[in-house]
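The following pair of complexes shares a single chain, chain A, combined with chain B in the former and chain C in the latter.
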Partner chain A sequence: MRNTSLWNRRTRLTLLIVLAATYLLAVFFWGLFIDPSEYGVHYENKLLAPSGQHLFGTDAMGRDMFKRCIKGLSNSLVIGLLASLVSSVVALIMGIASAVFGGFVDRFVNLCVDLCMGLPHLVLLILISCMAGRGTVGVTVAVALTHWPSLTRIVRQEVLQLRNTQYVLASRKMGKSYLTIALTHMVPHVLPAYLIGLILLFPHAIMHEASVTFLGFGLPKEMPAIGVILAESMNHITTGKWWMALFPGLMLLLAVVLFDLIGETLKKLWNPNSGNE
Partner chain B sequence: MRTRNILYELIRMLLLLILVSFLAFVLIAKSPIDPLVSYIGTNSTLSPEAKQEIVEHWGLNEPVFTRFFKWLVNILHGDMGTSITYKKAVSSVIIERFSYSIVLMLLAWILSGILGFVIGVICGIKQGGIYDRITKLFCLMVKSAPTFWLGLMFLVIFAVSLGWFPIGMAVPMGKLKSEVTVWDRLYHLVLPVITLTVANISEVVLYTRQRVVEIIGSDYILYARARGENQGQIIRRHVLRNVMLPAITLQFASFSELFGGMALAENVFAYPGIGTATTAAALSGDAPLLMGIALISALFVFTGNLIANILYGICDPRIREKEES
Partner chain C sequence: MQLEAKNISFRYDKKSPWVLKDVSLSIQEGERVGIVAPSGFGKTTLARILAGYEKPSEGQVLIDGKELPSKGFCPVQLIYQHPELSVNPRWRMEKTLNECFTPDEALLAKMGIEKEWLHRWPSELSGGELQRFCIARILTPKTKILICDEISTMLDVITQAQVWNILLDIAKERNMGMAVITHNKALAEKVCTRTVRLDK
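After this line comes the complex of A and B, so read on.
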């Protein structure tokens, strides 16, 4: 039976996505345009516990942890965005090339994927970050260059399946050009899977950026970043300053969960079978 | 027939391993790390001629490919070079460090595998119940939390607030090496193992749960019920058999994440394993050690993948028959 009420599953899911996206965008822009003095050094309020004035407390230099988290998360989002864009373009080109040309190209792409997955991801991140000279550039390059293998496999799989479907074969027999087939049949099919893959790349990229930064190969110490904040908090944990580790981690967790949520919900919405349940 | 496939797989993996080490070698060789500077220090008084001599002795001015080939030959002779940070042979550093890490990883791997599997099966059977919902939420949270943050939280709760466990390291501070007992070591292992277990468990739980739900909804389960099999029989005869092997395979294929999680957990707990050695080596520009660790970690991942592939072939009759025909 058709659900005619306005408050059906589709509306609910859409609303969920809008809310999650609003939160992430708000954090992103707030961090982007925040005045650096808001998380500046104030030695007179160092190591304060969370309160109304300092939501997440302050650190050993009296910097407001909440503002630092916002700025840090915003930095992470920028790196995540760059990484997702680069990785997804690489994945799109490699995935399509491997499915369309097959043979040698296919084997080469698979070899690249295997190579990239041969080292533990973290070790590869550290090696690339070191090669690129650590710091902001290092971590961005590392995160951007290591997230394409899984998406490449998805794109390749999708295109491979499409290539032998009846309607693609039929339209080729009817004399349509490869470009037309690609634009009218392939793109609309691959695009949703690709976009969802791209959104689901985000949380991985953010988390890996934080991990690499935490280990000391990423963003420099003076830059507000979740990884830096958590690495600093390790010095104060033993003296019971729990808020320095709890809240920044929760912020990161929330961002990751929301990206996951957006990706998974879009997957449901764009799938005609489950979209209208 | 099957031995030939395994042999083929082994050769493929060996070639890939060489390629992966070459990739790592190029990455390290092209990095701004100057082996000479990290070896003699930044403010050395060596004359330029002496430096030139070292460079030539080490073959640093030769092309990357020749250097890689020499390194490979040395590896085959069991010589991995000398670590600059630890002033010992790389192989002995890796063996010592890895012996600590392997205990940590093995315990976490087995624990997360068994616990995850059991929890996953229960969730799948009681799908939609309150227990299932809570577990699913927990898994999603844990999956989204960085491993090092989980470690920090466990530190805050169990080591600082409750004081049940030590803050870090592998042995009590200020105790002679001969006095350290197995219990001391185990006691220091608890928190890192819990961290790594929790970080790895969600994947097993969610995967097992998904499979169990699929199986429970299948026609042969309906038929089994119609035949009069009770819940216990169905679980034992159909569900467990169908889920167990893919779950084990998945667990073997997750060595890469296990290694990454281990490195992060070790750094949080200052546990003297291969993970802390990795960061130390990379931070101080210790190229030989870094290369050795890259090789070992790649070997570790490949072993897991190889076992997973073989298990897959043995356990899935469809693949087995395709290979035999």
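After this line comes the complex of A and C, so read on.
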């Protein structure tokens, strides 16, 4: 009886993750391989309200908003992917070094983390983006370089806690090298928290990319991006073209919420205590 | 091999009081030294220092006149007071048992380790059952001195007798040195060749 309800809960959660992941992957690949002519300029169709032909309507240049959204979101996901790639490497190295060497290294890493987290994130993003020459490169570098602190903290904390456990110390006395211990004891322990941290990093990266772009410090105007679309729509919102802001905003929100949902659900699945509830 | 602790003093940090003050102790080959003291007198602390887990604040621990090795297999091995903290909760027992060497079937049988336990998680075994794994996993011929920190408090009397018989057999057979930490005087008298008291 208990067993079946437990199984049900796990399958339900797994199904949720699969659905969310499928949607995000679909958007990602569709946007990646979409033909640019599909969101090309057609002046004869400008400012159309949503219809069967143009699900999200069209903008002032007659571009299909739905396809632009897909492409924009996909672009955001690519930037998010880059951000998590860079962050994961930086966080692993800094987190483990901090916990293993302690002392000066630990203080230095903590200082970096505090500095990064202490500054308002948006200000930091705009600063780095401007320094790296704005545009696509600027925003990508900025997003990639500012998301490692939280992940570093997670890794550091987990390794720190593990390093002094009796079984790790005993393993050391059995003549195991630091590398063996890291691979056999630490990685399997840190991995779940690390992966979840990585997934939860995505919504931040996407949101930040969109905000910086919205403020005009990010992706260039001609690029399909949610931030650009939202900024443009501000010019039309007073004239009653509601669809130009609503749908892209919803798409962004949905993507962010889904990533959050995947991360939080995985947390529940991997944490044996709450998994038994 | 001979283990020697020379005038060791220890405190956990510079401001805290001394846990151990000027303790000297030596364990010869084949000798079983009982270390008896009431709770909180630093028995576990001493055990950790003897096994090289902790550096003494003053004094030294020498094995055959040399410092304990900081890497590689340590000939002084510790069996910890709390078996549930000594095994990786994410490893099945089989992996834990074989981490250091592969104990043969005869040893497992003698230790009362059942085959079926090997596939379980640590949380699915009792403290006493876990402790048998913790003992068996370091009974390699490379272990010359065994530090036992209250290893049998969580066992019932019969199992306790069983485990000690095996340990004594192996210790005698290999001429191994042992430190037996306990607050059970009867046990110390039965198992040890001599006894020292920390509280005197």
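Operating definition for what follows: the second predicted complex is superposed on the first by the 269 of 277 C-alpha atoms of A that agree within 3 Å, B and C clash if a C-alpha of one lies under 4 Å from a C-alpha of the other, contacts with A are read in each partner's own complex, and residues count from 1 in each chain.
The definition used in the following text is that a contact is a pair of C-beta atoms (placed from the backbone, for glycine too) under 8 Å apart; a residue touches a chain by one contact, two chains touch by 3 or more.
Quick caveat, the model's predicted, so the values are computed rather than measured.
Asks: Using the superposition described at the top, determine whether chain B or chain C touches more residues of chain A.
Replies: Between chain B and chain C, the winner on chain A residue contacts is B.
Asks: Identify the partner contact of A:His189: answer first if only chain B is touched, second if only chain C is, both if each is, neither if none is.
Replies: Second partner only, chain C.
Asks: Is A:Leu119 touching anything from chain B or chain C once the two structures are fitted on A? First, second, both or neither.
Replies: Only chain B; A:Leu119 stays clear of chain C.
Asks: So in the superposed three-chain picture, is A:Ala210 touching just chain B, just chain C, both, or none of them (first/second/both/neither)?
Replies: First partner only.
Asks: What is the contact status of A:Ser233 with respect to chain B (first) and chain C (second): first, second, both, or neither?
Replies: First partner only.
Asks: What is the contact status of A:Val256 with respect to chain B (first) and chain C (second): first, second, both, or neither?
Replies: first
Asks: Could you look at A:Leu246 and tell me whether it touches chain B, chain C, both or neither (first, second, both, neither)?
Replies: Once the two structures are laid over each other on A, A:Leu246 reaches chain B alone.
Asks: Identify the partner contact of A:Leu179: answer first if only chain B is touched, second if only chain C is, both if each is, neither if none is.
Replies: After superposing on A, A:Leu179 lies clear of both chain B and chain C.
Asks: One more residue to check, A:Ser171. First (chain B), second (chain C), both or neither?
Replies: A:Ser171: touches chain C, not chain B.
Asks: So which bits of chain A does chain B touch that chain C touches too?
Replies: Of chain A, no residue contacts chain B in one complex and chain C in the other.
Asks: Which bits of chain A are touching chain C when the two form their complex?
Replies: Touch list, chain A to chain C: 165-167, 169-177, 185, 188-189.
Asks: Quick one: which bits of chain A touch chain B in the complex? Just the residue numbers, please.
Replies: Residues in contact with chain B: 111, 114-115, 117-123, 126-128, 130-131, 133, 203, 207, 210-211, 214-217, 230, 233-234, 237-238, 240, 242, 245-246, 249, 252-253, 256-257, 260.
Asks: Would you pull the chain C residues touching chain A in the complex into a rising list?
Replies: 51-53, 71-74, 77-78, 80, 82, 85-88, 90, 96, 99-100, 138
Asks: Which of the residues in chain B come into contact with chain A in the complex?
Replies: 16-17, 19-20, 23-24, 27-28, 30-33, 140-141, 144-149, 152-153, 155-156, 160-161, 167, 255-257, 259-260, 263-264, 267-268, 278-279, 282-283, 290, 293-294, 297-298, 300-302
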